[in-house]
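Next up: the structures, one after another.
Common to both upcoming complexes is chain A, partnered first by chain B, then by chain C.
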Partner chain A sequence: MVKGQENDRLAKIIRILFWPTVIMVLFFLLVPVYIMVKVSLSAPEDILTQHPPFLIHNFTWDHWIKVFESGNLWEPFKKSFTVATTTTILAIMIAAPASYVISRMPKKVKYITILTLFLTRMFPEVGIALPISVKFLELGLLDTNLGLVLAHLAKELPFIAWILVGTFETIPRELEQAAMVDGASRLTALTKVVFPISLSGIAVAAMFVWLDSWNEFTYALYLTLSDRTLPLQTYYYIMRGDWFQSAAYATILTIPVVIVTFFLQRYLKSGYLSGAIKG
Partner chain B sequence: MLKNFGWKTIKKYKLEIAMLTPLVLYIIGLTFVPIFNTILMSFQDPLTKEFGTLDNYKYIFGRPEFKDAFKNTLLITAIGLTLEMTFGLIIALMLMKKFRGRGLFRAVLLVPLGVPTLVSAVMLTYVFNTNGYLNELLYRLNLIQVPIDWAGGGMKTILMIVVADMWKVTPMIVLLLLAGLESISDDVYEASAIDGASTWQTFWNVTLPLLKPSITIALILRAIDAFRIFELPMVLAGRSTPVLSTYAYQEYNSYNNPYTSAAGSTILLVLILIFILGYLFIVEREKGVK
Partner chain C sequence: MKKKWYAKLVVGLLSATLLLAGCGTEATEPTTEGDNQSQEPTTLRISMGLGESEWQVMKEKVFPQFEQEHNVKIEAVQIEAADLPKKLESMDAAGKMELDLFTQDNMALAPLVEKGLVEDLSGYRDMIPDEILPSLTSVGEFDDKLYFLPYRPNVEITYYNETKFNEAGLTPPTNWDELLNVAKTFKEKEGIGRVAIKGTLDGNTTVHLYDFIRSAGGDPMVLNDEGSVKAYTFLQELYPYLSPDTKKADWNTMNQYLANESVYLGQNWPFGVNVIVKDGGKEEIKAYHGWEGPVKESHVLGGEVIGIPKGSPNADLAMEFAAYLMSKEVQEIFVSELGWPASRSDAYGTVADWQKPYFEAVDQALATAEARPNVTYWADVEKATNDAFREIVMEGKPVKPTLDKYHDVLEVAKNK
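Moving on, here comes the complex of A and B:
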């Protein structure tokens, strides 16, 4: 705050309320996470009572042991992992070349293309998932990894293209032109110069897509009869009212997200590009 | 590029076209075509498969669940957006100040971004359950004697969904608004201080107008997601408080009727379009007046 404004009434109120607000916001943000972990580590008498204690009184690993011993974890985990990874690889393969072309379009055409990509975000997912589900039922694609990958791609492609257009825009045309002056073909200039430079941007986009596919719920719900993904398995335990299993599964679902987000931060900091231009 | 579109152009840009085509075809095939199908299906007779009937719409308009879903969607969007934007702005403004523990505050703020929406719904079922932790807190503070059934329907269920949504998305709004705040130059604030503006005047006449582009983006992105809200009501409220998305899902899943489900989705789509066009229209017109 600049001098002179420090002493009117509003400034005083802000100063008094500042720290209580900070503490309340921190409390509001952290308590749900704490409760989830706590439920997954508490004995039933701590939770299934009229007046649950706020701290863990009876600690137990039972719910976690049950998760790993029941044999219900591995299949959904494998399905979610396979679908998310396949979706990510295909999304990059389809979206990266196209995003490059979009980033090099004349300004007006580019603007319209990006707006169209954004338009797809306004469509309700239930409206897209419905015809896909009806169609995939006919084609026998329900419950398959392929069906889910196809649906997830529909969701992720506009998103990843949107990020990648931004990445490619930051790469100066001079770089590829220089490569072509040196005798490289357009395709070589792309694969040997442009894509290596944009690798960190592509990696960030890939991780976003992977996470989104890993967490995806709506399409999975429409396209699954029995072979559940990890989010659906979590949902299944919620609907059965099994607090402990749902807490443990929800925690498992969150762990890869935390790990990937951690790596994402490191990538976001790398100043890959500035070096390329200077050199 | 689009002018004189002929063989020459295609030949010249054949690499570009080859690179662009898969994405275009995919988005048309698995996004635009399905949405178009949904709209068509909503006008299709379930038995004769003929187009041009309004029976699906008549049917859902006659359902009390649909009226509830429509009302709930509007309420959740209106209340949710108001609270999220207000708190998002307050927290963003707080982060503009330098204070001890600011780094920690910012790091904790990012936590909900790393939590899947479904998981945030799971967490908040523990908080809002009848024998959950919010009731226990209220009981210990002597505010209630009988536990409140938050998921029982009505306004309190809507508030519950709004709080759950706030937990998950307010940090996103904070980041969007913070980027906008950081781009406002210090000179503007100094100028307003020299003119003797009060804290409130500075906020109302300087910060807010300069922040308008960021607010518009945050508001539109959030409004779209709020209208389409699905996981949170599914997990937290079940059938007691349907929204348009969950209503459309139930029509398909429980009653096995894709045609009425399509009608529900189409209404949701129209609602989103009306909101965005209406909002942009108002914002643009204000610009014209000035």
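Moving on, here comes the complex of A and C:
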């Protein structure tokens, strides 16, 4: 009886605190993004004052126009988009079959394989970026999309394989076996049965890889001389101290991220990754 | 049928992605110099760290003449001072130097020399024009060898918010006593410090510490002499009246603090004029040369130098371009179009009206500018001066014993 009352009280407290907590968390998450957008759309007098207003008082497109007119937007945008998309497609094509095989390995072998995959992720990126970049430069991959795609793949493949192994593990073997009993080959079973079922997990993995590649900075810095990616372009504006154009660039950098996340967010449910955690 | 469709899709995607991935800009093949007129133009690849408007002047007013005279195509890329060593290091290790010439912040030269990434230009001393200010040449010397050529001088100026100073009945400080008084007055009046120095405990702070120590007659490379003791003692006294932004103020954020009026007085490089006044429209932010210490006024000589990376594919042509950058003609373009002070005593130009007071402040500060000593153990020097600042000024430790400790640290570093 007493326990029941305590549970009721707890449920009531949770109910009361739920929305304020959600709103507070959202506020802290969204305010920096709002400020970024606001700076990009505000006249300097709105921002360069001791007490800047929360809302935009003097709206202007000037900073965006300057960015568009600078001639420094489309090429970096195109490069970032090409590299991120290519990296994602190749990563899925390479990692999906590999992860399927790993997921069907005996438990001990699987565990060691996954650990081995993660060995490459255990070193700080700045530490290994130089030797990797030197090798790529020797191969003539400076300022090429291919160089960046390969560098990003080296970084992303272990991660995406880890996610997909978890995804494939959750699919019962009996489904493939049933397909094979019906006359399907192993490849057909994989492409017609396993992959369609695991599409959600693949989408999540693809989204992570795309976002990571889109925002990647270290390899881009080493492997780029004249053709910058968008994060590098934003960085250069920040380094030059132009607050308003930096904010406009940063907002532009964020827009595709929001679009991709919006379309793939329905797959973002914890259950799709739970297998990966089981490892 | 479906199998074929899937196979086609896979092959199609793979081809498309590889095609896309492969179609980046190809790295420029190094070309050899030849007959200027009859051959294809040689590509000279240079790097600089510039803002948009500065690039525009370079591309429209500086490069074309050299390109025409030497049958050259200049391919200029943006590399920030902090990134240049990494880029050169990777190209050098790969044996594929893609740059012919670079300009670099003279505060970031030691790693380039230490890692052997630049050519020794001692044999080219004669090509430095006599009109170049002598202190600019010494900036490029390490152990009596010349590694860098003079390009452009720079010096920190002091920014202040004229409106706030007028409201408080204050004038910009011209010596340490006045500086302390200004800091105290603002703190008492507003309950919060409005004077800032760059206190990020890195190269930004080092510049200020050098100014304070030298203007008290001290030697920052000794660090426990009378002048250094005076400087750190004064900073210890001043610190409680400084703005809380001091701890986060660097070359970038100082502009922001001045522009959003959380700081009314602070020193920074002249590029802040464009950011705060031109782009930000804060015309009440004025500038002057700064204050003097008990012995003299002193400012660290900053700016940029020209370097030739080891393995430059077109080193001879790059040297000709370096000579062109040091010429009277180009230096006058820098003055008139960019408001940069000239590195030559005979280069004059007319700056825009709005820039004039700021340009004068730079000129006056340059008159008392002193080059920083170039030593390969610079990282140790920087750490020692900043650690001493943290312990004495921020944590309130006794001045002399702390400086004695860091003097010993410097001696060890020197004899390493």
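Here is the rule we use: the second predicted complex is superposed on the first by the 223 of 279 C-alpha atoms of A that agree within 3 Å, B and C clash if a C-alpha of one lies under 4 Å from a C-alpha of the other, contacts with A are read in each partner's own complex, and residues count from 1 in each chain.
Following the convention adopted for this analysis, a contact is a pair of C-beta atoms (placed from the backbone, for glycine too) under 8 Å apart; a residue touches a chain by one contact, two chains touch by 3 or more.
Keep in mind that what you see is a predicted model, and the values were worked out from it rather than measured.
Asks: Does the superposition put A:F28 against chain B (first), chain C (second), both, or neither?
Replies: first
Asks: Touch check for A:V134: first (chain B), second (chain C), both, or neither?
Replies: A:V134 sits against chain B and chain C alike.
Asks: One more residue to check, A:Y100. First (chain B), second (chain C), both or neither?
Replies: first
Asks: What is the contact status of A:L142 with respect to chain B (first) and chain C (second): first, second, both, or neither?
Replies: It touches chain C, and chain B stays clear.
Asks: I'd like to know which partner A:T86 touches here: chain B for first, chain C for second, both or neither.
Replies: In the superposed model, A:T86 contacts chain C only, not chain B.
Asks: Please work out whether A:L175 is in contact with chain B alone, chain C alone, both, or neither, and reply first, second, both or neither.
Replies: Neither partner.
Asks: Quick one: name whichever of chain B and chain C touches more residues of chain A.
Replies: Comparing touch counts on chain A for chain B and chain C gives B.
Asks: Classify the contacts of A:L221 with the two partner chains as first (chain B alone), second (chain C alone), both, or neither.
Replies: A:L221 contacts both chain B and chain C.
Asks: Would you sort A:I56 into first (chain B), second (chain C), both or neither based on which partner it touches?
Replies: neither
Asks: Examine A:R186 and indicate which partner it touches, taking first as chain B and second as chain C; both and neither are also allowed.
Replies: A:R186 contacts chain B only, not chain C.
Asks: Touching chain B in one complex and chain C in the other: list those residues of chain A.
Replies: In chain A, positions 48-50, 52, 130, 133-134, 221-222, 238, 243 sit in both the chain B and chain C interfaces.
Asks: Given the complex with chain A, which residues does chain C contribute to the contact?
Replies: Residues in contact with chain A: 3, 6, 10, 13-14, 17, 20-27, 45, 49, 51-52, 75, 77-80, 83, 86-87, 89-91, 93-96, 98-99, 252, 255-256, 259-262, 271-272, 275-276, 279-282.
Asks: What part of chain A is in contact with chain C in the complex they form?
Replies: Going through chain A, the ones touching chain C are 44-45, 47-50, 52, 70, 72, 79, 82-83, 85-86, 89-90, 93, 130, 133-135, 137-138, 140, 142-149, 188, 191, 221-222, 225-228, 236, 238-244.
Asks: Which of the residues in chain B come into contact with chain A in the complex?
Replies: Residue positions touching the partner: 1-2, 15-16, 19-20, 22-24, 26-27, 30-35, 37-38, 41, 90-91, 94, 97, 99, 101, 105, 108-127, 131-133, 136, 139, 147, 167, 171, 189-190, 192-194, 196-200, 202, 224, 227-228, 230-231, 234-235, 244-245, 248-249, 252, 258, 261-262, 264-266, 268-269, 272-273, 276.
Asks: For chain A, which residues are in contact with chain B within the complex?
Replies: Chain A reaches chain B through residues 1-5, 8, 10-11, 14, 18, 21-22, 25-26, 28-33, 35-36, 39, 48-52, 54, 94-95, 97-102, 104-106, 109, 117, 120-134, 150-151, 153-154, 157-158, 161, 186-187, 214-215, 217-218, 221-222, 231, 234-235, 238, 243, 246-247, 250, 253-254, 257-258, 261.
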